[in-house]
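All chains are identified by letter, namely A, B, C and D, in their written order; residue positions are counted from 1 within each chain.
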Amino acid sequence: MSSKVLMAAKGLEIRFGGVVAADDVNIEIHEGHNLAIIGPNGAGKTTFLNICTGYLKPHRGSVTFDGRDVTGLAPRRLVRMGVARAFQIPQLFTEHTVIENLLIAAAAQARRWSPLTPIATIPERGEMLHLLDMVRCAHIADRPVSELPEGQRKLIDIALALALKPKLLFMDEPTSGVASSEKFEVLDIIAKALAEAKVTAVFVEHDIGIVERFADEVAVWNRGEVLFRGVPGEILSHPDVIRDVIGETV
Amino acid sequence: MRSILPALIVLLVAVTPVLAPTSQVLLTLAFAKGLAVLGIIVLLQAGQVSFGHALYFAVSAYVAASVARSFGGELVTTLLAGVAAAAVVGLVVGVFVVRYRYIFFAMLNLAVSMIFFALLEKFYYVTGGSDGLQVPRPTVVGLTLERGEFETILFYGALVLSLLAAWGTHRYLASPLGNMLRAIKTNEVRLEYLGVSARSTLLSGYVLSAALCGLGGALMAVAQGIVTPEYAYWVRSGEFVFIAILGGSGSVAGAFVGALIYEGVRTYAAAFASDIWQMVLGIVLLVIIIFGPSGVTGLYQRLMDRLVGPARPRGAGDSERAPGAAE
Amino acid sequence: MNLQLFALAFFDGIAYAALVFLVAVGLTLIFGVLRVLNVAHGSFYAMGAYATASTVGAIVAAGYSPWLAFPMMIIASALIGGLIGGPVEKLLLRRIYDMEEVLQILVTFAVFMILEDVQRLVWGVQPYFESSALMVLGTVDVLGITYTAYQLILLPVVAILVLVGLRIFLRHTLSGKLILAVTEDREAATAIGVNVDRVYLVTFVVGASLAAFGGALASATTSVIPGMGADMIVLSFAVVATAGLGRIEGAAITALLIGLGRSFAVYLAPELDVLVPYLIMLAVLLVRPEGLFGMAHTRKI
Amino acid sequence: MRSLGMAAAAIAFAATGAFAADKPDELKIGITTFLSGPASVFGEPAKAAADMIIEQINADGGIDGVPIAASYVDEGAGGEALVSEYRRLVEDVDVDLMLASISSGNCNQLAPLAEDLKVLNLMWDCGTQRIFEENDYRYVFRTQANATPEMLATVLYLLKTKPDFSTIAVVNQDYAWGRDSWDIFQTALKAMKPDAKVVAEFFPKFGAPDFSTEISRLQALRPDVILSTSWGGDLDTFVRQAAQRGLTNTSTLVLPLAESSLQRLGSALPPGHIVGGRGDHYFLHPERVGDPAFDDFMKAFHDKTGAYPIYPVFHMSQALAAVKAVYAKAIEANGGEWPDREQVVDAMDGLSFQGLGNEVTIRDDHQGLEDQLLGTTAKSDEYGFAILKDIMLFDAEDITTPVGEESIEWLKTLGPDFVASVEPKTYAD
């Protein structure tokens, strides 16, 4: 691992009531290496994403991004530094159309606040249509997102994160809700878009096939701890991982 | 096609002073209320409802009254002073209340407005207590006018201000900022994850809504010639929300359509059913909510959709229809 | 302020707090279950007062014992809650549970407007004053000041009984447990076969009856006048929001805070007394945005 | 449009050479009164009285053969609705004159409007003394007294019947009337009895449901006299709570508006407290009882509404008496012809008329001169509620602020000897 460390978590600890959701989590995220996080339900994977993106503040420990301490910064501050997120349950503006969702993201990214210019006319419009094209959603640009099936909402959710031109993207189960026959296709689309935008991705995933194919590294979570990490080939064949994680989730 | 009727209505209203001079003042008052309701509609875009916006109506009205009393009062400066005061108070109160949502947002606004209401009655020697303050008729570009002339000028002033405010608000709601405001209603988490502060966004909408209410209040003050604590009472805040729903909370036109209908119903109910005018209004409100929750403008959209077909697929470029027009 | 004045302010505050609590608790109960902020709550308060004052007045005028005022209060409030509250829930509110919050509030606002005129049509505009219930209980001297036993003793005792009674009802009876189940999780309750419609109806009738009962009790101490409901509703909103929405014990504590705050204000800074409830509300919500006893919700993402 | 119509009318007059207006089919009057809200305790009886009096006038042949048609406006519907409706009556219905209003706030608002609309407006019940002290009007008149003589008479009655008291407290409603009336009362009291000590001032909010805390404090303070200019439900509540807790045994209540509450209070208001009627208004008016017109009306009103008339009824009768009188005067001045509206306004100056109370005269500043009646409560088995004894009837001339002076300043000029210089007519029972 010679590439630059993009984000580093040191000694993260958080508990909810009596449940330990993060217990001395230490992990580094390297630029250009897509990291997959696997582990059983309740292992603290989403909590880790919540801490890294500022939704939760750890009780102990620190998060650094690009060498700066960002522990406890609000999501919007991290976003402005280049950390974006896609969600397990797509977080969209359900009373807006697909293109409007993206235009809001683009306007936020480009800091366009002029109160009298219609959002439809901002210069980033072309870029956003291109982004939609990339995630194969150009044909539904003018549909209200509330009418879309879950799979497409998932893609729009990721496109919203990409519209922010992040350096680092966290994705929480990008293929959940997508029919298993389409999973690879969907992730192919996403991977291509990520590569084109030169974004490092961290994603939580249950599907081992997808992890094998798309991750450069894998980290295994359990009970708030990182048990193993390494290249997919090694980790996924480790007997403890097969017993404790893969056995449960497949 | 669908803009023919609105255009006709605006035209018809514009010639009121000639055709039906006695309804001129009624319409001016309706415009003043419509402007305040426009402020409510801005907040409704963010999914928030304030049961205390009469506060800004009253703040502006009292400031306008004081300016008119102490500096001789030019119409434009009187109105501007009122609006500025409402915006400043809106900013101060807003910083506090934008941390809250839904019922708490509604209740806190209510509490602040009731405090102001109580203060207006308490500080009797400044505010005139429940008798209120007389507002001397302001001059217009230095001219002292008779009531009739002044009222005509005020009527056209109110009409122009209303059209301007409606246009400005429409543009604001179509702008990135306005879209972010509407995004608060559906997903604040995502908004934060786009790098946007939901609170600041709501605050911008809140100050705008306070200023619009203020404009309405200042207009009402000079049109009525008196300001009373009643301007700040919670029932008036409720009335604004009532009118917003009556007209249709989804569109800027709804504010004025609602205000015109409301004033009409209220005036005639008070005139011909003076015993039960409240009941008449209550029933109108119930009927609207249960049978046409998108308000009068929403019903009109539906009617036009049926007559001439859907406007066209909803898109970001849709500028003819008000943003978020209720479906 | 010496000890005597402190004690006096305390006694006055408690009597006032008891009335405020009785009205606010109905509102918070309804909100807890139906999730509707009921503006018409003030109307039930006023109608409870009118119904009691007019019937007790008739009973006493006909020569019957003034002690009958007490059962009459309960009967009148149950009738108002059932005959007016029941149809309001069944015919109106039931249609709007899926609507936006603002529309729900406005429906109750419309009901409030209608009921205001109904009161005028039924009872006219002349104030009613019927204090037989208060008179038969006599007075009590404390520290050289004469209090009525009704305000000093009966009202606080009734308030505590209602508080304890509600707790027992909610925790230890089947209907109460169903109400709590619906409060906690509407979907889950429906899924296990709870008749949610019925629970809503019962809750609304109970809540409205409590408001009417507050009015019934108040009618012995105050003039029953047009517009009395409008003021009460804002006060109970302040109590409910300060306490935390749907929190019954919280409503009791907040009512006490407001009652005591107000009576101390009358002694120390009379000009402030009307502001006290709102100032307490603002202060509490600044520190605890979800109210004294409310629970914060974090959105799951 | 309106001016066009007037111009046309003027041309028509010029053509016929006559200056008499055509006699209309009916005399249209607009009346603002409270039909909703707390002040409807005044508004409803006044409306009932107006209906009865107008019916009587019309039955007697109307005004010079023209029947009166009244339209009512609810003051309780709020400021804008009131103004809109007022304008509608003046401009669309084209009423001949307006009677407005009960609330001083509404009078403040409507007086300049009437002036601009050039419509005769009789302020029939509102009490603020400021209107004619701060403004000159052509079209606005008041057919009753204002707050200054009402309060001054109260102070005089108190000082004449209870000259030795030393402490006083006030419990007034927290709105303009409560504050204004206390200002006037206090100024007059300080001028005439400088050693009187004010021990507490309470202004509970308008419509307050409970005065327990105030009463506890008053019991601790034990003032000799407690003033309350409250009215309606607020006054009833205060008096009853005070009586229930024995405050009425230790302090004398001074209640300048309680004449309107006596019947509702029943036996709750014990004997020995001072009560006024905002003018010489009392259903057992010592100078009017025995006059058949007065007695008949008292009985008819009681038969119709179940209650005896209270002061707003008297005020309404005075306003309508003024209407009758001013038309008679204007017709006479016009040589028997029906007068135009400006002639009617001209005839208002110096007009004298008599409603249910004593005769009232309009002064140069358009203020009516109305006598003031106060008394002390006494138990009455006949009526079942307190009646007044030791009645004093103050002559309006003695106690009304002189034309052109400002009330508070004028009151300050009065000294302790003023008390003896005013000699009211007294009636022992």
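In this text, a contact is a pair of C-beta atoms (placed from the backbone, for glycine too) under 8 Å apart; a residue touches a chain by one contact, two chains touch by 3 or more.
No experiment lies behind these values; they were computed from the predicted model shown.
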Pair joined by more contacting C-beta pairs (B-D or A-B): A-B
Furthest chain, CA centroid comparison against subunit D: A
Centre distance in Å when subunit A and subunit D are each reduced to the mean of their C-alpha atoms: 77
Length of the line joining the C-alpha centres of subunit B and subunit D, rounded to whole Å: 38
Gap in Å, rounded to a whole number, between the CA centres of subunit B and subunit A: 43
Whole-Å gap between the CA centroids of subunit B and subunit C: 33
Set of subunit C residues in contact with two or more other chains: 116-117, 120, 271, 274, 301
For subunit D, residues contacting two or more additional chains: 35-36, 174, 205
Residues within subunit A bordering two or more other chains: 55, 87, 91
Of all residues in subunit B, those that touch subunit A in their complex: 168, 171-172, 174-180, 182-183, 185-187, 189-197, 204, 313-319, 324
Subunit D to subunit B touching residues, read off their complex: 1-2, 35-36, 72-74, 77-81, 83-85, 87-88, 91-92, 104-105, 108-109, 112-113, 116-117, 128, 174-177, 179, 205-206
Subunit B-touching residues of subunit A, taken from the complex the two chains share: 53, 55, 74-76, 79-80, 84-85, 87, 91-97, 99-100, 103-105, 107-109, 112-120, 122, 125, 141-144, 160-161, 164
Residue numbers on subunit B that touch subunit C, as the complex places them: 44, 47, 49, 51, 96, 99-100, 102-104, 106-108, 110-112, 114-115, 118-119, 122, 189, 234-235, 238, 241-242, 245, 249, 275-279, 281-283, 285-286, 289-290, 293
In the complex with subunit C, residue positions of subunit D that touch it: 35-38, 40-41, 43-44, 174, 201-205, 207, 209-210, 212-214, 216-217, 219-220, 232-234, 236-237, 240-241, 244-247, 264-265, 268, 307
